[in-house]
Amino acid sequence: MPNFSINIIPDHKQVTANEKESLYHAMVVAGIPLKASCGGKGTCSDCKVLVREGKVESLTTGMLTEEEQKQGYMLACQCFAQSNLVVEVPEESKLTEHRIVLSNNPAGGSIAQNGDERIGILEEEPERAGEGPDIPLFKRLFLKVPEPSLDDMEDDIGRVIRVIRKETGVELLRPTLNVLLTLPNILRQAGWKVTVSLAEGKGYKSVEITGVEPGHIEQKYYGLAVDIGTTTVVAKLVDLESGQTVGIKGTYNKQAVYGDDVITRIIHTNEYPDGLRELRKVVVETINELIEDLAKEQRIKQTDIRTVVCAGNTTMTHLFLGLDPTYIRLEPYTPVVNNIPAVRASRAGLNVYPMAWVQCITGVASYMGGDVTAGVLVSGMAFAEELTLFVDIGTNGEMVLGNKEWLISCACSAGPAFEGGGIRHGMRAMRGAIEKVRISPGGAKVTCCTIGNVPPTGICGSGLIDCVAWLYKSGIIDRSGNFVSDVKSPRIRDSAEGKEFVLVWSEKAGRFTDITISEAEIKNLIRSKAAVYAGIRSMLQMVGLPVEAIDRVVIAGGFGRYINIRDAIDIGMFPDIPLEKYSYVGNSSVKGAKLALLSKKARDMLEEIAKKMTYLELSIGNTFMDEFVSALFIPHTDLGLFPTMQKR
Amino acid sequence: MAVAIVKERWTNKVLEMTIGQEPNAVKVGGDSTLPFLHFEGEMPNRPVVALEVWDMEPDNWPAILTEPFKGVLDNPVAWAKKCADYGADMICLRLNSAHPDQMDATPDEVAATVKAVAEAVSLPLIVVGCGVEEKDALILPAAGEAISGQNALLGCATINNYKTITATCMVHGHNIIATSPLDINLAKQLNILINEMNLPLSRIAMDPLVGALGYGVEYAYSIMERARTGALNGDKMLAIPMICFVGQETWKTKEAKTEDNEEWGAQARRALLWEVLTAASFAQAGGSIFILRHPESLKLFNNNIAAMMKQNS
Amino acid sequence: MALSGLQIFKQLPKTNCKDCGQATCLAFAMALATGKASLDQCPHVSDAAREVLDSASAPPVALVKIGVGDEQVELGNETVLFRHDKRFEHPCAIAIPVCDTMGDAEIVSKVDAINKLVFDRVGQTHRVDMVLVCACSGSPERFVEAVKLVAGRTAYPLILKSEDPATIEKALEVVAAKKPLVYSANAANYQAMAALAKKFEVPLVVQGAGLDELASLVEKVAELGCKQLILDSGTTELGQVLTDQTQIRRQALKKFRPFGYPTIVFASNEDPFQAVIDAGVYIAKYAGIVVIDSVDPADILPLITLRLNIYTDPQKPIAVESKIYEILTPGPDSPVYLTTNFSLTYFCVAGDIEASRVPGYVLPVDTDGVSVLTGWAAGKFTPEKISEMMNTCGIAGKVSHRKVIIPGGVAVLSGKLQEISGWEVLVGPRDSSGIPSFIKQRWNA
């Protein structure tokens, strides 16, 4: 079979492919990943490309519009080279690095800072500074070990343990064989002055003595906190002595090419004999690349990273460790393990100190993972008097309600709509994404603000919420999300998929086509917001409390960064309680992982949180479905639940 | 031992709806308690019953149902008069001829029929389309205009066609039937949408798309009970009368259509009981307007209502 | 009133030890609140807490058992006023009377007719539950004979109706082992009747003239040691029965103990049609036992059907039957749509096909009544299951083409489904509201 050479523009990368290999596959293998919410099965329209030169065979056009087909777009996953090619990959098809969730400073800045424009936009709470590590997972101690004598004939390691115990208060200590092999000489050569390394592994009662080195070792040592998200992976490099974050990196999860959501990925492991291994390999690769970047940037050795804590949803932790995720999705939804014991980095495949312990934060259920446990820790809700609602919206919506006495949690498939999934012009919150929309009555005037203040390429979650809120406020759609028939505007038009509203005309956008939102997409968004609100109400119902009982709402995740809470309340996504009760914690998953790196107290709290968190399975009984249908309305069928909206 | 009677303290009552014109107007709703609990609150109007009249001859009615209307089934005016003779409170005129799979009658054609029936009988009218949402959005405005100002009840408006039908009711002074399938929230949403077009709630009747006995009675039964308790507890968007199309559901069941047999007994008795028992259960759940088909059912059901309306301790 | 999950939780040890089988104390509390767990499953609950919780969790309506063996009738344990609040637990029993003034042959033929009132509905058998034997002759001996005759002829539990304790005693001496229900203890005879019910360990109807007398009688009978009671407020007038039944249920839920038992009502309207309709009202409105004098299947079938409907568990997702549905008389060229059997999903799809004016077939795949995406996520809407339904439902015989439309939300299934079923798979719109425009543009058989 001949291999064809494919020139990818505008990046001018070279890829080879034979006639049986789709362009999509060839490019993914060559490290030019494309978006594909369907995982390259020809059933979405994410991986569209333009073949500029050469001959291809294209199987189907999938979900491409007629307009796109006319312009020559094809689906890379359905295209097979028949000659050498020149292929153009448009910006919106690329799976690029995410610029969100990394820092406390908004990447954008296009939003006017004056007047009431920022009302409802939450600033991320700063990381609590000044809390030094209490007992980190890895620690070095410089010790003076008492020399033995005929009065004190205790064994060498016993003397070391005695001093460590005195210094740290740790009762159970256990040396590795490697330490014992070299211990007598090191102790004596160093004049009984040594630096010991201590490592704690979750699930093991004793702290491990992993090294005894002569003299006072000054070299710094690090821990890595990782948030393994379905979409993005974020890693923080933490100086374990000072407790400071010295570097942070984020990238997309390379599993994304196997599908957008956890279900598609679980199915992938079932359908392909090598599926689980593949998925494990790419997520480990993703983390290793972050490790490499961080180490390079900080000019440290990767082996200076002596411990790793990962927080992820249950499917992600299963795939990361190569555990069978099959039963996560099948009734009655049981994962292999919620409380995963620590494993060695070499076993996990991470390129850090090979004997470093890698731990995953304990989860609660199939759809309630360690990332949420971490978030609950960061929110402080599990140890507070006030009733707090914690909301983390990503591909799935996870919600926790409670206080120091009890915690109840639920997960709803909010769908990927708020991450731009399933929306033709949807995109993640990155440069060029419309993150704010205002529409004047009747749709005469539309104002869009983009992240980075550049020409718009698509709409991100916060922009989509604004869209729904303002299409309703401007009288263009009714409370069910249908276009109001007697409103006439050139922006409202019929398309192949029903009615749509033009947000940005093509000449103003940095692209070939107009940026639009259709009636079906609006309904999809309403379903997503309804799922979130219905989840919240189902938990409240279960404990018999009204919405007003909520003292505080903590929003987590990248989605929350630009979101206008006022608009989100107005469409009925979040409870109508005063705005000042809302706060934003950013990526609480990686923050919680960092706390676990540094503090024994935090680690104990995480275990306690996971133990006391009650998981409410929403598919049992009719409560959720009933709440869901009543929330399929702007803002809600029970208008009394949204008094603020009613007043205006 | 004196038992202290438990009375719920309801905070709201169902709105009263008037259909038709004095002196023949019919009033429904106004309840301030659950159905027939006279010890607790008012039920100022008894549930009312309409008999169905079609604008074309039905072709799949069993003989026991066509028998009482022999000779008038092809004449809506005569049929309507017959229904009045049988003691119906209202006439429910069903514009089946407009159905695209039937005669696909034009708006003008059905409007003429509606007008003729309205002129021939003094009873208040319920005018129901052919059930095809698009077509109903065309014919009901014409029908509404033909009997402008007569305060009829027009339906069925769904989420997909309520706008034109609501507009007709506004302009020509009619009431509307708001229909939604099997879900109290969807029903309430439609009420809100119609009300937000400025048609007063007192002019909307809610149709929960009831099923017949054995064919999902319980779904509508519970939706109606929920709607009624919601209404009495202050939910204004549910505090409107409910209408039950019992006849059309009953007479397509196997139980109503199967002839006499040993296992199920005589068809006539069985079918009548099927229709009346379906209606009687919905009356217990809060139904106010009932559309039946058989005159004998009308009589039996009215007896039941009369007994239920008797004041007691 | 019943305690909420949170109120119960406050009484529990809050150690989250999992010894009860639940993940947390709160989960256990919620299970207790909904009656899915019993307090005995928690080995660590304190005595003080047990006292509070036991009395709170005692059912407001006592469980009463009548008869023995397979035909035993259980009544009570009801916890709600409206079925949508949770569910009605024990279906109302239907009892049919025979009278000891009837001749033996007449009794036998009526009992046989009662035995024959068995109906099949969606694969399940439904029937009447009890036979009431009425002592109208005034002769205890004749009554005993009639009772013997009936008991020998039917397996259904009996109700023995006489206000004379001596007559009841004679009958009980013969049939007490079958645990019949004794009707009834009233103001005049309650001591003797209660003594009999205790002696023979049989359930007893307490009949009072009105709610006030009923309440005091129940208290007296209960003091005499009878716990298996059925209440009769003494009226047969339709509106009054509704009032009394409603009051008894409401009071029971408020833990007014004298009314914490199931009830019995006689549908004794002289007009046989109205009697059936009255019985229907009683079935809907809280009656524990309805007595109706008819063995005509045309009367009993509607009543049994109504009972089945009212006592269906509303907590189960509303599902439609998984079979071919024809919308607008489709033909061999008509499109075939796949969806799940969640009723709301099905009705949306069916409604939008109707709106498209293009006739079509809908195949709702059995996903235990969950929606398309949930079904897909939980492995209930898989290419294998879909394909199996397509093969078994007979759609291949109805259409001449081999094309099927799947919901846009599960476009990922298309490849595999095509491979397994051999049908061409078209990916439909994500939302059923897109069906009309989709079908106009994309369908040609």
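Lettered A, B and C in written order, each chain numbered from 1.
In the analysis below, a contact is a pair of C-beta atoms (placed from the backbone, for glycine too) under 8 Å apart; a residue touches a chain by one contact, two chains touch by 3 or more.
Chains and their UniProt names: A = Na(+)-translocating NADH-quinone reductase subunit F; B = Corrinoid/iron-sulfur protein small subunit; C = Corrinoid/iron-sulfur protein large subunit.
Bear in mind that the values here come from a model prediction, so they are computed numbers and not experimental data.
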Relative to chain B, chain with the most remote C-alpha centre: A
Chain pair with more C-beta contacts, A-B versus A-C: A-C
Mean-CA-position distance for chain C and chain B (Å): 28
Computed distance of Cα centres, chain C from chain A, in Å: 46
Separation of chain A from chain B, taking each centre as the mean of its C-alpha atoms, in whole Å: 53
In chain A, residues with contacts to at least two other chains: 629
Per-residue multi-chain contacts in chain B, two or more chains: 183
Residues of chain C engaged with two or more neighbouring chains: 314, 344
Of chain C, residues touching chain B in the complex: 82-84, 119, 121, 211-216, 219, 237-240, 242-243, 246-247, 250-251, 254, 256, 258-259, 271, 273-274, 276-278, 280-281, 284-285, 296-299, 301-303, 305-306, 308-310, 312, 314, 318, 328-329, 343-344, 347, 351, 354-355, 357
Sites on chain B touched by chain A in the complex: 159, 163, 183, 185-186, 188-189, 192-193, 196, 235, 237
Touching residues (chain side chain A, partner chain C) in the complex: 38-39, 41-44, 62-63, 259, 263-264, 267, 271, 329-331, 333, 364, 405-408, 413, 415, 422, 496-498, 519-520, 523-524, 542-545, 611-615, 619, 621-622, 625, 629
In the complex, chain C residues that touch chain A: 4-7, 9, 14, 16, 23-27, 30, 314-317, 344, 370, 373-374, 376-380, 411-412, 414-416, 427, 429-431, 433-434, 437, 441
Contact set on chain A toward chain B in their complex: 478-480, 482, 485-486, 626, 629-630, 632-633, 637-639
